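Below are two complexes that have chain A in common, paired first with chain B and then with chain C.
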Partner chain A sequence: MNTASRKPSASRKPALSSFSKLSTPAILIVVLIAVDFFAWWLNIPFVEDIFTVGTIYLVMVLGFQLFMGNSGILNWSYAGYIAIGAFASAILSMEPVDKLKYIPVMYPFLVNLHMPFPLALLLGALFSALVAAIIAWPLMRLTDSVGAITQFALLIVINVILSQWQEVTNGPRTFTLGQSRTTSLGVALFVAVLAIIVVFWFKESSLGIKLRASRDDRYAARSSGINIIATRYLAYISSAFIGAIGGGLYSHYIVSITAAAFYMNQVFVLLTMLVIGGSMSVSGAFFGTVLITLAQQGLRQVEMYLTVHGYIDASGTTEIALGILMILFLMVLPNGVTGGREVALRIRSRVREKPKEDSVETV
Partner chain B sequence: MVVNTTHDTIKTDPILNVQSIDVAYGSVRVLHEVSLQVFAGELVSICGINGAGKSTTLKTIAGVLKPQSGQIVFRGQDITGKNAEKTHRLGIALVPEGREIFPSLTVAENLRIGAFGRYDAKRYAQDLEDIFELFPILKERYNQAGGLLSGGEQQMLAIARALVSRPDLLMMDEPSLGLAPAMVDLIFELIETLKNRGITILLVEQNAERALKIADRAYLLSTGYIKFAGRPEDMSETIDITSVYLGDGEGGF
Partner chain C sequence: MNLQILTEFTINTISMGSLYALIALGLVFVFGICQLVNFAYGEFFAVSAYTLYFLGTFTSLPWFMVFLLGIFAGVAIAFLCEVVAFRPFRDRSMDALLVTSFAVSVIAQRVYQLSISPRPKAVPIPDFMNRTVTIFGIGTPLRNPLIIATTAVLLIALTLLMKKTTLGIAMRGASENFTTARLMGVPANLVILAAFIISGLLAGVVAIFLSARTGSVEPMAGAGPLLIGFIAVVIGGMHSLPGSVVGGFVYAGISNVLSLTLPTTMLSFRDAIMFAIVIAFLVIKPEGMIRGNYHEERVG
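Moving on, here comes the complex of A and B:
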């Protein structure tokens, strides 16, 4: 395994590249299955819990990468779509009895909705994507800081609606699903494998190439006949869909949620994962999630140890440490640990001599 | 002036007909009633010093800028004020100044962008073989990021990207700018090859001497006015080019 897929390639035939391209999702999937299987095999609830949440976060980070990594637009509102997916799928899958018990103020027509978990997950995500489709079109014109600020404002709007609309989300109070966990490590793993395939496929698709071209140079992209707004729009909706799937998995694992759980803190964690991994590649999203999940747990242990043993009250240290880590990465390795490249296998062929006397640049 | 708006253009009609366009950046007027024609299969060169309005002319035709008045007719269709996406789809490909390739995309992806809008995979594969014949270096670097190519290679990639869209009109803005002399030779040879293949080209160059040698017809732009239109040989006879260029000629300073 190496991360040097963009170093001078020794291959002359483009056919070889399709092998090394396909090797990227294969490697990621194998690593993910190995890691999750190991966690399951250890059979320690605490470890399994960490890896289940980590795998769910991977789904969210992959969806985040799909839009942000390929378009270069910081998408704050992403946590809003995760939240919509989390609540929508929970409302759809809960038993009516439980709804009456835990959320007595809920609209009657919502109380009577009930369907199996996989369908609820899917429909919840579709609903979130629909919300994105209704809101997003005018926002897709905005780039850079204006775009980021607008997305930030949108996150606030979604959060306020979710945290105040008692008849749907139980308002600021905890929304309890009242059932045992539906999401298991296996379910999360299955969805994450699908997400890796979809996000990687998207990046290599014509839509993904167009989106990346618009990130590189908006004006050149337009004069190459690319409709930037439509391209961004479709990617944004797809991103919201995957995020909402992640949200649905999350709510069916944690079992009691509030709108506050899907707010700036969460965007910040997702952003840290994506930036430290390398936002421009799917491999970056993957390894960033793995690294930050482990770092978070490690730091939390230290934090607890220090606090419990009474040395200092260290609560909150984890967040500070992650913040500092992110700043350091942005300064030293702005493209993350993967450098924006994909992991890939390459077949070695003869190394090419450099016939380069013709390519000297003067200015 | 009579404009032919029918689609069945007769052979003698120009493929591109620009009629007295005025273009301004804010309140600064850069083009004054510029008119020019390009006929199918021709290599037409626009010459002039920095700031004469050459790039502005190309950008206006490509739809990046909008003219304040005048009309642009392409293959019998009025394209005045149409944006760059639309003109590209109609068959106008612009190789912009400064080699605007997509640096983080691979050479393969850069080329595919040129081919979007046509879904003929078989013909694309053929075109790709063609491109590799013209630019062997692009085959070697097929899977490398465009940003890792040298300046000359990037220029080739930019031209190749324009070619895979099979344009009816290929516009090039200063393709030799900032390249090493050996690379400049290569680019001009390439332009001649393209011309011999029957591709219609509108070329903007500061390197007037080289451009005029290969052009069928030429226009001289000076501070936004067309000062000359005709055969390149006649240009040097009618106009004292050195006085227009103030000593520029070899591209040196």
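Moving on, here comes the complex of A and C:
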């Protein structure tokens, strides 16, 4: 028996050269900057709004991909960390006067906190990562459906606490940050570029490779000396951090938020973006976000047109269409539009010959 | 006086537990056979409850016909979900199935919102279900003893089905080892379809009693039972049918104790405490109170 013939993927697809690898984040960043620059250049507030929200979502989806794509665990609780980041950074950056005005019941020591936006964003995200670090270790042992249900339960716990803790989040009522937006298209773009670099670097780092190994074959990974729990743990915390940054950007753009905005529906949107793009690759997260943002906006326009012109009351059809789209995509392209691969400039090296294992297969 | 509270507590816990046991059972039937954590399960209730609402409001059918058709609606939607949404994904990853079931549930909720109403609708329930009867000196609505009796009958029927009939034996075989069961000539489609139909049937029965309790149905009506089912299943054991029944009763017990003992300011956090218990259970004892056949839930 020849064991070499058992790995067809290795013989058919040569490993990417380091140039090709580096080309992936470069392509994504260039495309992102070009798209956002175009939106800015058009100078239509409505278009700029769509692209700013889209770019913020990209940050969230990238963080989502970092853990879910590399570990294969469906991470429901991610929306909870986005929420923590959104609220924490908002509390840190708001003027004490505004806090007294909009959230009169807030704890006095929280009212007095005040710092510039970038610092608040960073500290808020660190806080969210800290929460993840405190609770996640025992949860990382669980896999498959048990793992998914645990994360689901965690999302509910976080949501209940956030939506009931009046002194911090204004409870189920709206939390208003103030009058003006702090996040702009430029800020979102800058963070998104950083996020692309970090998430891609993570995937190719030894930690990312270990995590992907544990996803593909748990037993082989463990017997190669990979500490699966520790690997997942670090990735989970990093993912929570990036998600919280996304949440902070979001709350400083939307300006009035509720805990209910970071719940199942948000997970559904993020999941749609990631699954349709292809959860196994950073490119998948990128193109999924772009596609779904465009589809969402297109559908919303149709919805509004139908409702305004009185054909039918179509509000809510966007989610139905997205859901159906997601099911169809999963049927036809289970690995998303990118098929779990990265976009890259491939230089065909003529030196590389056809691997010899191929000929053995016929024996 | 204390005895009275105790009796009341016991009756409430057993009747709630019966309801929750049925909910959990429906979830485990599907999970046990095709490893699908069915997020669309809540929609079986919602569809069934909406059917009760429609038939009860717009037709003059006798109540037992309404109930039967309501249960039938639950079965029909379960059948439809299996054939249309889940069958194409059976050979895909567990995540794909999970995501699909979630998408189905979101779609269904939007459809009720659009086509019926985003607001709750009153479900007409025959008067006798809410008539007060006295048991051991405690007044309780008749639906409570009724659900206990119904659950007992259903559990006996299901036990007979699983132990005595060919279909039941095939289903048990499939939940133990699907591949081997298929090699032994168990038709995969039939077994999975049967699991979904039983799941829908249980959901239909539960929908009647839940609607009797709340008196209304709204687009998110399925979310409550789904979460209850999750908790009960996790506590009892994901791979065991008796486990899910035990889990249902234990959940009802814990939930009633929390309602009695928590200070009123903390009551709004009850769900958070419930789910924290779930997480603790999953971490400490991921196989649940009653262990099924071997499954790996932990790494390390």
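Methods note: the second predicted complex is superposed on the first by the 333 of 363 C-alpha atoms of A that agree within 3 Å, B and C clash if a C-alpha of one lies under 4 Å from a C-alpha of the other, contacts with A are read in each partner's own complex, and residues count from 1 in each chain.
We take it that a contact is a pair of C-beta atoms (placed from the backbone, for glycine too) under 8 Å apart; a residue touches a chain by one contact, two chains touch by 3 or more.
Keep in mind that what you see is a predicted model, and the values were worked out from it rather than measured.
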| item | value |
| --- | --- |
| Which of chain B and chain C A:213 touches, first, second, both or neither | first |
| Contacts of A:134 with chain B and chain C, given as first, second, both or neither | neither |
| Partner chain in contact with A:330 - chain B first, chain C second, else both or neither | second |
| First, second, both or neither for A:222, with chain B first and chain C second | both |
| A:156 touches, of chain B and chain C: first, second, both or neither? | second |
| First (chain B), second (chain C), both or neither touched by A:319 | second |
| If touched residues of chain A are counted for chain B and for chain C, the larger one | C |
| Overlap of chain C and chain B interfaces on chain A (superposed complexes) | 222, 227 |
| Interface residues, chain A side, partner chain C - complex | 72, 74, 138-139, 141-146, 148-150, 152-154, 156-157, 160-161, 164, 214, 218, 222, 227-229, 265, 268, 271-272, 275, 313-317, 319-320, 323-324, 326-327, 330-331, 334 |
| Chain B residues touching chain A - in the complex, by the definition given at the top | 62-64, 83-85, 88-89, 94, 96, 100-106, 108-109, 112-114, 116-117, 137, 139-145, 148-153, 161, 165, 177-180, 182-183, 186 |
| Touching residues (chain side chain C, partner chain A) in the complex | 31, 35, 37, 85, 88-89, 92-96, 98-100, 102-104, 106-107, 110-111, 113-114, 227, 230-231, 234, 238, 268-269, 271-272, 275-276, 278-279, 282-283, 286, 296-300 |
| Chain B-facing residues of chain A, complex | 5-6, 8-9, 11-12, 14, 17, 206, 209-210, 212-213, 215-217, 219-227, 280, 340, 352, 356-363 |
